Each structure stands twice: as C-alpha cells, then as structure tokens.
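Please see the structure below; I have some questions.
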Amino acid sequence: MTLLTFMAALLAVASLGAAVIALVTRSTVVAVLSAGLVSLFASVMFLLLAAPDVAMTEAAIGSGLTTFLFFFVLGRIRREGTK
Amino acid sequence: MNFTTRKAIPLVLLLLLGSVFYALFAGYTPDETLNRSASYYASQTVQDTGAQNVVTAIIVTYRGLDTLGEVTVLFLTAAIVGLVLAHSKAPKGRSGSGFLPSGELLTTGTRMLVPVILLFGAYVFLNGHLTPGGGFQGGAIVASAMLLMLLSDSAERFSHRLISRIESSAGLTYVILGLLGMLFAGGFLDNRILPLGSFGSILSAGAIPLIYALIGLKVGAEFSSILTSLEATEDSQ
Amino acid sequence: MNLVQISLATGFLLILLGLYGALTNRDILRMIVSFTIADTGVNVVLVAVGYLPGREAPILDTIPVAEAASRITDPVPQALVLTAIVIGLGVTALMLAYAYRLFRARGSLDISEFTELKW
Amino acid sequence: MTDFPNFQWAQVGYALLTLFIVINYGMVMTAVVRKIGARVGGRYGIPVWQNYVDLLKNIALRSKISHGVMYYLGPVFRLTGGVGLLMFVPTIYGSEWHQNFSYAGDLILALYFVFFGTLGMALGAGESGHPHSAIGVSRGLAQVTMAELPLALGVYALSLQYGTLDITKIVAAQQGSIFNWTLFTNPIATVAAMIAFVGTMMRSPFDVAMAPQEIPIGPPTEYHSSYLALMQTNRALFPVAKVVIYMNLFFGGATSWAEFAIKVFCLYMVSVVIGVVHPRFRVEQSIRFFLKWGLPIGVLAILVV
Amino acid sequence: MVSPLLILVAGLGAAFLLGLLRDTSERVAFYVTVAALGFMSFVALSWTVSLALGQVQPVDIYTADARPPFAINLRMGLPEATLASVVALIGLLSAVFMRRDLMRLGRQSMAVLLVLIMALSGLIMTRDLFNLFVFIELIVIASAGLVLLSQDTRALGAGFKYLIVSQVISILLLIGVIFTYHANGSLNIDDIAATPMGFTGASLAMFLVLIALVLELKPFPANGWALDIYESAHPGFSALFSAASGTATLFAVLKLFEASGPDWAPLATGIGLVTFVGANVLALAQDHGRRLLGYSSVGQIGLVLMVVGYGADWGVGLYYVAGGLLISHAIAKAGLFWLSGMVKARQLTDWAALRQNPVLVVAFATFIAMLSGLPPFPAFYAKWTLVHAMAEYADYPLMAIFLIAALIEAAVLFRWFGMAIKREATLPLAYNLSHETVVLIAMTAGWVLSFVWGPLSGFDNLVTVVPFLFALLFLPLDILPARIKNVIAIAGLVVWYVTSTGGLDPLRMIFLTIMVLGGALLLLASFHAKGRRMGFYTPAMLMFAGMALLVTSTTSFQFFAAWEFLTVGSYFLILRGANSEPHALSYITFSLGGAFALLAGFAIAAEGHYTFYLEDLSEVAPELAPYVFVLLAAGFLTKTATMGLHIWLPGAHAEAETDVSPMVSGILLKAGLFGLFVLVMEMGRQELYGVDLTVVLVWLGAISAFIGAVLAAFQEDAKRLLAYSSISQMGYALFGLALMNHLGWLLAMMFAINHFVYKSMLFLAVGGVKERTHTKLMYKMGGLITLMPYSFVSVLVGIIAMSGVPPLSGFGGRWIFYNAIMTTDLRLPMILIFMAGPVGFLYLFRLIHTIFLGQPKDELRKVKEAPFWILLPQMIFVAFLIAFAALPGMILQRVDGYIGTLFGDRPLVWTGRIIDSQYGTWNPVAIWGVIIAVFVTVLLLLVWMNHNAQRVKQFNIVFSAERPFKPQTTHFAWNFFAPYRKAMGFLEMPVSTSFWTGVSNALHGTAEFARKFYTGNGQTYAVQLLLFVIAVYLISMGASS
C-alpha cells in the first residue's frame, strides 16, 4: 500500500465518517459543519487525484461558501422562529 | 407510513441503487493512456490557446459555452434568491448572521482584510491560465471579502446596486467577447481575438485572462449578491 | 484497492449516504445538507473517473508540452467538475432561499407539512 | 291499366258481391254462435237476425255526435281495414272472380293490412278522450302484438314450405286431397298459427281488451249510431276475412261458397269453444301465454320446415 | 442568415443588460425582454423557413474554433429550428401574457424568463452531453424561479419539490455522463452513436443518462411534483413549463435515443406508453382545471416519448410524427394554460365563463381538438401513421393500449369541454385584451400548423378540403342573423350535391342524396330559429362536410378523416341541446371509440401501406381479414347504435335541439350504415373461429331491432321513444345487410331511405310539439290533434309508414324483407325480427295517441300549431312518403339494378310499376287504388249517414275523487303498456348500460384510488422517482437478459 493509497483511505474514512455524523446528528449546525468537513476532505482527495483546480474550488465553494449560506439561513430562521 | 417503513423503503431503494453503482464500480478500469479528447487537449491546448493550465483552457474556450451557462446559473440563482426573499423582509431589528458577535475587533479586522482579500482574489483569477485557480476560485475569494463585511455588520457594505451593476456588466462583456470570437476568430468564445502572447506569461493565452477576470468579477458579484440576499433583506430593495 | 477505487467507492458511498439523508430526514434544511453531501460524492466520482494512475495535474508549467500527452491526467472531468460544483452551489442557494420562504409561510421546516397540493 | 292486370269493371261487381255475401254470412254466423253459446249455457239466446236489428237501429239513431276528425275517421279506417283485407285475399279458389284484388300483393300485404283497421280504430277511440278507451287500446295492442307472433312464424314456415308468398299458389298446393292441407303437411305451423288465431279473435280467454261484460271500456263504448254501425259491419266482416286467410293457408282454401261457409264456421267455432271453456286472462297473462306456448311452437315450426 | 448562436446570445445578453437598468424602469425592462424574445423568435423562424424551403442547409455551429468532440458544437437543422421557434414564440407570448406579474416582480424575473428561453433553445441545439446537463440545470433553476410568479402561496411548496427531484435527477445524470465519457472518450452526442460502447458499465451509464433525461419529461408515475407545479404556478409559466420545456426536453431525449441506437428504443416506448395510459386514466378523476392540464401534458409528452421509441427507425417519418404531436401539444397546451389564466376559478365547470366570449370558445375547441388528435390537426396524421406502423409490425396489444388511452384522453377533454359549454360559471371571465390576443395567436398558429402539416402527410391537406372550409366559413359569418346563414348553408349543400354527383354508383348516390340534399331539406326547419344562433352552423356544416366526404371517399384515409369530421361536428351539435351534456359526452366517447376501431381495422388491413383504397378491402390477407372485419364492423355498429353499443344514442338524440335531432337521427346514422355497406360489399363473408361474422351481424341486427323496439315502447319521453326506435330501425337495416343477398341489401337500402324520411319527420313533428308545449314527456301532452293538426298528420303518416302498414312505404320494406328472408338459411334471428314488428307498432301508437289524442291538458289548451318552418319539411316528407309508396321504382329500381350487378342475379322483376319476386308480388299502385277506393266509399257512406253529426267537447274524468301524490301515474299515458312491462319487462334490464357504467366506474375508481399515490410530500415524490428508476432498471435488465 503506497502512501498515496493510505492517505486516500484515510480521507475516505474521514469523509464518510463526517457524512455519517451529518446524517445522524440531532443538531443542524453540526450537520452543516460536518457536510463542510466532507467537502474539505474531498478537496484534499482531489489534490491526490491530481486535480488542484477542483481542489481549490471545492475548498472555497463547497466547504466555504456553502457552509456560510447555511448559517445565514439558519440564523435568520432561528431569529424569526424564536420570536 | 410509520417510522420504520418511512426509513426502510429508501434504504432498500438505495441498496438497489447501490447495486447499480457497484456495477459501474466493478466494471471500471482506469484508462492506460489519455482518450482522444484528452490527448487532443494535451497536445493542442498550447498551440490553440497558449494557456499553461489545460483545465482553464478547456473551461474558458473549448467548453466556454458550459462556463457561460455556469455563470448564468449563478446569475439566475442570485436573481431568484433576490426574488424569493424580496417579498419576505426580515423583521426589523438586529441584522447580521445572528450567531457571531460582531465586535469591534471583527469590524476593524474586516477593514484591514478586505482589500487584501480582494487583491488575492484578483490574483487567482488573473493567473488562472497559468496556475491552478481561476475565475470561480477567485470569485469565491472575492465573495469572502463580502462575507467578512456581512459578518462584521460593517456599515459600509457594498450597495446591492453596485454588485448588480458589476455582475451585469461583466456578464454582458463576457457575451460580447464571445461574439467577438465569432466575428474575428474561429468561433464563439474563441480566445484568439487577442494575441496569444508568450507562453507562460501573465499576458498570454489570448482573451483567457480577460474572460477569466470577467468570470471572477461576475462570480464574485453573484456570490456576494446571494450572500447579501440570504443574510438580510432590509437593504436588498 | 488503489487510489482510484478508493475514491470511486467513497464518491458512491457519499452519494448514497446523501440521498438516504435527503429521503429520510423531514427537516428541509437537513435535506439540503444531505444533498450537498451527495453532490460532493458526485464530484469525487467525476474526478476519480478522470484520473489516470500515476499522472500529474494538467498544468504545463513544469511539464514540457511535448510530454504532456504521456504525463498529465485527463483534464476534461476536472473541467466538468468545476462547472458541477458551481451549479451545485447555485441549486443549494436556491433551495435555501426556498427553505426560508417555506419557513416564513408555515413556521415549520417539516417537508411533510407542505402537502396541500396533491392528487 | 298495367297496374291492374286484366282489369274489368265486372270485377268490381264481383268484389261487391263477395263483400255482400261475407257480411251477411258474418252477421248470421256470429248470431248463430251467440245463440249456440246461450243454449249451451241454458239460456234462450238472441234470434239469428238480431245483428240486422242492431245494425238498423244504429243507422237509424238520430243523435249523432263527433269528437273530432280522427274520431270520425276511426270507423272508416276500421271498415276499410276489414274490406281491404277481404279484397286482398282470394276467397274461392279456382274462381277467377273471387280472387278479388289479390294481385295487388301477396300474403305479406294481407298480414300487414290487418293492422290498418286496428290502427284507425285505436286512433279514433283515442280522440274520444275517454281514458278507458285508451286503456282498452293499450291492452289490446299489447296483447295482439304477442298474439300475432306465432302466426308470423307459422306463416314464415308455411311460405318456406311452399316456396312462395302467393296465397293462391299456397291454396293450389293443398288441392287434391284433404291430406294435402297444411294442417296435415305441416301440423306444427298450423298449431302455431291457430294459437295466434285464438288470440286475436277477441274472445275469451283473450278478450280483456274488449271486456264488455265487466267494465264499460274499449273502443265500442265510445261509438254509437252509424259509427257503431260501420264497426258492427266490420265485426261481422273482419273475423270472416281473417278466417279466410287461415282457411286458405292451413285448411286447403275453399273451392265453392258451400265449402267456404262450412270451413269458416268450423274455424270460427274453434275460438268460440275455447272461449267458452276458459276464463279470461289478464293482459300480461296472455302475453306470457303466447311467449310460453306460441313462440316455442312457432320456432319449432320454422326449424323443422 | 444570422448565426443561430445569436438566439442564445440575445437571450443571455438581454438578461445581463436588464441588470444595468434602474430598478424603477420596469417598463423599459419589459420592452427589452420582449424585444429580445422577439429577436430570438425571428432568428429561429427565419431559419425554420429557410431550411424548410431548402434555401439553406442544416449547419453545425462550432465554438472556439475546434471541431467536436473537442469543443462544444450546436446544430441547426429543420427540427431544431422549428422547435426553437416554438419555444421562442411561446416564450414571447407568455411574456406578454405575464406582463403584469413580471412587472410586479421586477426585472430580475424577466431576466429569469429570458434565461429560461435561452436555455431551452440551447437544450434543443446543443450536441454536447455535458452542455445538455448545464442547460437542464439552467432550466431547472429558472423554472424554480418563475414558479414564484404565482400569487398562489402553495406554489412555493411545489417549487421546492421540483428542486428536490431535480437534485436526484442531476446526480443520476452526472454519473451517467461521466461514465459515458469514460467509455467513449468524448462528450459529443454523435460520438455515442459512432463509438461502440467500450466496456460493460457503459450501457449502464447510457441507461443513467437516458433515464435521467426521461425523468425530466415527468413520466408516470414519477411525476407528482410536476403536477403540483402545473396546479399552482402562474398560467403563463405553466404554458412555458408544459409547452416550451416539455418540447425542448423531449427533443433532447430524442437526440439521445437516436444516438444510443435501437437497443434502447423499447425503453422510450414502454415508459411513454405507461405514462400516456397512466396520466390519462388519472386525469379522469380531476376536477381542477390546471391540474387536469398537467395530467394531460404528462400524457401527451408520454405519447411523444412512445413515438420516439417506437419510431426509432422511421427516419424522417419520426420527425414528422413526433414533431406533429409535439408542436400540436405545445400550441394547444400553451393556449389552454393561457386560457386558464382568464378563468378566475379553478374548477372545470368554471370554464363556463369562456362562453362570455365566443371567440375564446372556438379557441378552446381548437385546442381540445388538437390534443385529441382530430382532423385536420397534425396529431390526427400522427395518430394515423402511428397506428399504421403498429399494424405493420403487428404490435396489436400496443395498438390496443394506445387507442384505449387515447380514447380516455379524449373523454377527459370532452368532458371538460362539455362542462364549459353547459355549466354555469361561479365567477365571470377575467377579460384582458392582450391575454385574448395571445390565446388567439395560439389558435391561429394551430390552424397554420395544420395547413403546413397537411401537405407533408402525403395525404390530402384536410384544411383545404372544400366542404370543411365551407364549415369554417361560418365561424366568421356567425355574426350574421341565423336566417341568412341558413340560406347560405342550404345553398352550399345543394351546390355541393349538384357538383359531386357525377360518377357515383346508385348506392352512393342515394346516400349522398340523403346526407346532403336531405340535410338541406332539414335545414329548412332551421329557418325557425331566431337571432344569430351562434355556434350552430359550423358544427352542422362540419357534420355535413364529413358525410359528403365520406360518401365520395376512395381511400381509407379520406374515409377516416371524413368520419372524424362528422363525428366531431355532430358532437358539437348534440352538445347544443339543453340537457345534453352527459349524453354528448357519452356520444363522443363511443363515437371516438368506434372511430378508433375503424382506424385499427384500416391499419391492419393496410399492412404497412399508408394509402389504402377502400376497394382493396376485398384483398386483405385471409388470416387478417376476419379481424379487420370485426374492427371495422365494431366501428360502424357504434355509429348505428347496435344493441350493446347503443347507450349513447337515446340521450344524444333526445336531448338535441328540435332541428338537430332529425339530423343526427335521420341522417347521421346512415353514415354507419354506409360504412357497413362498404364493408360487406368489399369484404363479403368472413369467418372467425368458424363463425360466419355476417351471421353475427344478422343476430345483432335482429336483437337491436327487437330490444330497441321494446325499450321504445317503455319510454315516457317522446324523443327518447323515437331515439330507441332508431336503434330498432337500424337493426332492421343491419339485419338486411348482413343477410348477404340481393334482397337483403335492397331491404337495407329501403330502410335507409325510409328511416331518413319518417324519422326526420317524426322528430320534427315531436320537436315542433315540444317547441310549443315545452315538454317531451308524453303524459304531459294529449289532445293536441285539434291544436296541431299538421303535426298530427305527419306523425300519422310517419307511424303508418314506419309500422309497415300498407299502403305507405314501410310496407315495401316489409315486403322486401319477407322476400329476402325466404332465400336465407338463417331462421332463428327472424323470430326476433318478427317480434320487433308488432312491438314497433306499440310504441308508434303510443306516440300518436298520447300526444295527439285523449284529453288536452289545461295548461296546453291554448298552444298553437308548430312553427311553419318546422312543418314545411314535414309536409315535404309526407308528400315524398306517399309518392315513394306508390312509385317505389323511381328510386329502388336503379339500386336494384346496381345490386344486381354485384350479385349477378335479378330476384325482382319490374313490370311497369309492379314488382314481382320469386315468391310474391307487390303492386303498390293497386294497393293504393283499392285502399283509396274502399276508404273513400266507406267515408262517403258515413258522411251520408252522419252528415249532421254534432261536434261535442270531451269531458274530463281523469281524476275521480282526489288528486294523487304523483298525479301523472294515474294518467293513462303513464306507463302506457303497463301489462306489457309486467310480461316483457325483463328485456328492459339495462345490461349494456350496467356494463358500460361498470367500465366507466371502474376507470374512475382506479383513477380516484391511484391518484392518492401523489401524496403531496416532496420526499415521497423523490422516493417514487428512485423507485421508478430502479423498477425500469430491473425491468430492462430482465428484458435484455
């Protein structure tokens, strides 16, 4: 098993684990963060797969912007829901 | 449907779908050499477009129409998110993300960081034809500046109007560049309306840097617009 | 298992996990979260399919043009994934906006409450 | 005059003569039948000339009213039906003069012309406005439609048997021996037809439409004076004309007036005898009777031909 | 030519440009939008025209100066140009339609609209797989945005469901795309066809791509989300969603199925068929207008999908058929959705508001006709071709399922149309000039399309058929007073008759005379109508046009087209009656069902030839011939309302207007008879499983004749009585025809003539009575003889003629009948006919007695004689009946001679005016002579004796002591033949009514039950979607292994 494969396996386990957490957690915030984490692990995996462009994009958009979008909406809903 | 069947049916379905995927997985063998599309790009990109980054060349020229569609997706999303939220103004009062305290530190930090971030974003999309990165990544970085400002509840937010102007002008210019390709070069979105320049320099690869810059601006503006709309709507009108 | 297989498997599993979440979670926001996971899975699959073992990124700054065809990996799927990621974000944003509006309309985020249109 | 082959004015005279004979015969015969009936029942009965008396009385009646055109025309239709029927069938086989106007048509004409008078009568009675007449009409029509069915089947069997619809030819085929009669060559058809015969003679058990004894309904109650006279004439004429058809079709026809008189009387008596020994059916009972007996026999008749 | 790329560029550019405008300048933004859409339409249309005229060749547009597959390319051929035009035009019109809401939401919404149209055009033109995906995503997002145009808050939920489903679809699509790329090394669609699939997973990849695209077409049952959108979205958007999106997506699917090769075609066929059937069955249970339209959209797109799969190897023919269906659907569905925007309330019945504006009713009818595949619209040609192809490949079960589903669809649509015409709306029409203009443009487009499609069909261009045009002429003429139109109509019929009689054999000549000249005669009665009588002449003339064309048709296509014309025309006519809505619906359902049987029959007979001469029916392959016979006979028997297929008739004929009843009874039924004539003339005896089919027909005729008569005798409603009588009379005709001998046919001919005359006469007379008494119930009439003597005379003559009592012409029929049956071996069915005769006498007597005789009702003591114009044709008929009875030879002799040439025999000998057969004689003049002589003599006798008769009034003894609870039950005319009913009532058992009601209830029940499947939960819809994918996967795996 090469180092590359080993890292990939590690990333795979990590991202799948994060995905499972996103599904089973009761807290939406944790779910959103876990999903962002999945994206982040995926973007590292893209680097391994010789796709730096994709890795950048996934990191910036998939794990970054998307997560913030969720939090914005979540925030609005919380504010209005509790009133 | 009770609790168990509500979850069991999707489970069974997805197991079946998984078997479909497994068939794909099991039947998959990586290619030994590049297939004909890829080998064309590998050998012709430099000659055709003068770009170092093949992915960029594909995105901006060969599959430029996709990319035009892609920015249009964001344009649409921005417009629709605006529409969706336009008629549901948030209640008066506190705005901001609601879970991050907007303190003095954040505000000050934001003021300092925003120009740096913007510059970095511009760097990323202008070098898209040479290094990894490009309009989308750069645009996302530019948008993060906007994000920061929103988080810090900064008073000097970008006006929504300005964002929309930038977005539209960039889009329009992009389309016009495409047309110019049709008029002066080999086809729609052909990058050779500008000289290809010397391979590997920043002002090379024809119109690619220009287009990617437009894309970066546009994407940045669109992300910003979406973020602004989602964050609060008092000033979205 | 090599790199490609691991990535492919991860991608597929992410898709399935994401879909499972989207189909079983009643909370609209959690559905959207699940869809982003599935989207990520799709992206992983796309990139993995385009990967040629042992090759380098398709950027010709260090690779001579003449050797490009034998040294770089397939750039096309990468280009596609870029597009897919952006589109995915667009859809996610749209769904979030809808989620907010639905919440405003009903004060709830439970998908099973929005069934007044049926039959 | 190609439409009237071999037409001579004398034919009209002979036709009138036939008519005269048949009417008188009918008058006397019906009276005799009533007399016999009375005697069987232990009563004295009417004199044989009673019908003439009634006729004269009716004609002489002074008060004459009308309810309208159709009322007026009803008896005309009725009598035209009777006379026409007689005119369209040959009475005496072999006698050219008593062929009447049978060249105008064949068996079918006769069968369908039966309805002419019925229709007119019903219409006339209808216009009187008396609901009972309407009830009588509806009952009569309902019953007669089913009663005619075995006849139609029998006739069909018969025409298949003889391969013709021409009455004269049918009679001709039965000449020679009594065993050439349809009665013997095709008894089933004869039985079927006779069921119809009994059913349409307006005698018990199939006389609910007239029902003169119990309830004053039916067309005759609506008419009086010369209307009734016309109808009375027809009541003498029409049964005979009808019997003539049966006689021609099933009983070898008649070659002389004597044979004619005997056969008609015998046939007529069949319905009388049955009537005497059977109580009256309600309409639906008679319909069911015809469906249960007349129809199967008729079907059998055409199947075995 | 400008580059087609400009369609995309203009859309995008304008969308971006809108962002530069000021927020407040909505008006300018709207003009920019309209201008851009106009430009896109112009480009697309100019390409369409130039390509169609052959001025330019189809082009491939390359981007970035690289050849495919290395860069994305687009294609502009005739199909692309046409569909892009459709999309752009619908976009333009919808923009105009949605003006107010677009302005309300601002320029962003207009940008979304522009992007949607742009993306749809791109979807049509692109040849790149991934580009296809991008355009689809654009469409999804833009659609989700435009859903917000609706004021209906529920639209929000619908939009979200749509997004959920789209997410699942795009996941499947992307996986499919990438593995297809891996297999082919190319994303170009054309390469999929060129390159054999490289590895085992590739077919699976192709499956994912195809199924994902198919899912975008909203296949049944994975389509709940789409229905919710249709129901709640803005009608302008629904028009786009159904017409434009459906069209573009379907073309994308077509491209991929073409590329993927014939192995995949059954997938499209199967899913398409299931969708077509399922959507139409479920539509039965809908009473919400827009949701119904949604179901209909789904069904229609399913139909086209089926064609795409089925016609995979047709080449250009596929484009012709699928294109015709697709464009018709686009126009009609867009038009209907736009119309729905003008109807305020949402129930189907609320569409009655359209009646405020007759032009909109015409538009509505046009759209419905386009959708149900009626001539002259393209879907008609498509249906013809499709069924013929199915017959060619001997796919009979497929054909049956398709036709049944098409029938259900027609029933759904016409049920709705009936409601719109007959019900009352709860809210008035939301009138808006620009909305109406948009709708009318769509309607015009429909007609133009038909005009273009006709000549391409290789058959006649049905739009330009003269009688049809003549019928259409009455649409603009409808503003004229009815009398003027009537003159024109009569003149037209007479002229057509005079000019088209040449070269017809006597048989057709007689049918033409009855249908056209008879029609002109009956139209005399229409002079009675006052005012404008909107909407009468077009359908009437359409019906006559159909009949005129039917008789002169030589090919099966002409015949069928004519048949559909007359069916539709008569449907509209029948629908005009006061209470005719349900009856008109059952009429059109049965008629179209019959028509489809004809279509199937012709198609099977043609064995792949699309033009088939009727005379070639005699040369159908022997193993097919019996089935052809059965199908054609079933079609014709539906029209002649043979027992079992008759339940539509009584209501339809009885509830029709006074002058319409004789047309649909006296004339229209003859169309079926004519068809049967052609059938038995060309095909002769056929045997199926050893049963001689003509014997079956004999039995059917006899049963109809008998049961029809019995049922007629039990009716309380005079017109219903006549209607049942028609069933009986047609039974006689069928019986004669099926005897397959000379006299039998002559009998049928005789009945055709006679039935026309006396049934027209009786319907007119009863109709005239109804005009005056305002009731059709016989027990409410009575004693009208003195008040309406002329009507009485015509009824009297009519019933004498009909019952076959000498001397009138009915007797001739009976005489021929007896002679005909003498020569046949069939004896048992005769019994029924024998029974029918006297029963017929019963109902006829009831008719005359209860209406004209007995005591007049108090409230009817002052009624007047029927109007002159209604009496006039009756009197002409009376004269004709008498003349025909005395001189039957003037018509019959020629027919007899003609039939003689067919059979090569001469059973009747015509000596002067005497007719001799092998068995007997019919001397009509002598009969007349004798009867008149006797009658006059007796009458004179009576007059002599009774000249001083005194007129007395009737006296009323109907009620004795008290007024009963239901007074009519004590009336003699109520249940007139009560004893008969007691004895024969079992024959009244509504066997066929129960049967058909059962069928209908079962269908409705299924629909009602099955639609619960659409729970409204977006998640459930997504689950169903996946379920569908898996099911299709497993089925196709099973099918291919």
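The letters A, B, C, D and E name the chains in turn, as written, and every chain counts its residues from 1.
The rule we apply is simple: contacts are C-beta pairs under 8 Å (C-beta built on N, C-alpha and C of every residue); 3 or more make two chains touch, one makes a residue touch a chain.
The shown structure was predicted, so the numbers you read here are calculated from the model rather than taken from an experiment.
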Next on the checklist: Counting one step per pair of touching chains, how far is chain C from chain A at the shortest?
Outcome noted: 1
Next on the checklist: What's the minimum number of touch steps needed to get from chain B to chain C?
Outcome noted: 1
Checklist entry - Counting C-beta pairs in contact, which comes out ahead: B-E or D-E? => result D-E
Next on the checklist: Relative to chain A, which chain's C-alpha centre is the most remote?
Outcome noted: D
Checklist outcome for this item: By C-alpha centres, the chain nearest the middle of everything shown is E
Item to check | Distance from chain E to chain C - Cα centre to Cα centre, in angstrom | outcome: 50
Checklist outcome for this item: Distance in whole angstrom between the CA centres of chain B and chain D is 106
Item to check | Whole-Å separation of chain centres (CA-atom averages), chain C against chain D | outcome: 99
Checklist entry - Can you give the whole-Å distance between the Cα centres of chain A and chain B? => result 18
Checklist entry - Which residues belonging to chain A are in contact with no fewer than two other chains? => result 51-53, 57, 61, 65, 69, 72-74, 76, 80
Item to check | Residues of chain C touching at least two other chains | outcome: 4, 9, 15, 19-20, 23-24, 39, 49-51, 57-59, 72, 76, 78, 80, 82-83, 85-87, 89-91, 93-94, 96-101, 104
Next on the checklist: For chain E, give me the residues that contact two or more of the other chains.
Outcome noted: 130, 134, 137, 141, 144-145, 175, 179, 181-182, 187, 1023, 1026
Item to check | Chain pairs in mutual contact under the definition given at the outset | outcome: A-B, A-C, B-C, B-E, C-E, D-E
Checklist entry - Inside the complex, what are the residues of chain A that reach chain B? => result 51-53, 55-57, 60-61, 64-65, 68-69, 71-76, 78-80, 83
Checklist outcome for this item: Per the touch rule above, chain C residues touching chain B in the complex are 4-5, 8-9, 12, 15-16, 19-20, 23-24, 49, 51-53, 57-61, 65, 68-70, 72, 74-76, 78-80, 82-83, 85-87, 89-91, 93-94, 96-98, 100-101, 104
Checklist entry - What part of chain E is in contact with chain B in the complex they form? => result 3, 5, 9, 12-13, 15-20, 23, 61-66, 69-72, 105-106, 108-109, 111-112, 115, 118-119, 122, 126, 128, 130-131, 134-135, 137-138, 141-142, 144-145, 148, 175, 179, 181-182, 184-187, 199-201, 204-205, 208, 1023, 1026-1027, 1029-1030, 1033-1034
Next on the checklist: So in the complex, the part of chain C that touches chain A is made up of which residues?
Outcome noted: 1-4, 6-7, 9-10, 13-14, 17-18, 20-21, 25, 27, 29-30, 32-34, 36-37, 39-40, 43-44, 47-48, 50-51, 55-59, 72-73, 78, 81-82, 85-86, 88-89, 92-93, 96-97, 99-100, 103-104, 107, 109
Checklist entry - Contact residues on chain C for chain E in the complex? => result 15, 19, 22-24, 26, 28, 31, 35, 38-39, 42, 45-46, 49-50, 76-77, 80, 83-84, 87, 90-91, 94-95, 98-99, 101-102, 105, 111-112, 114-119
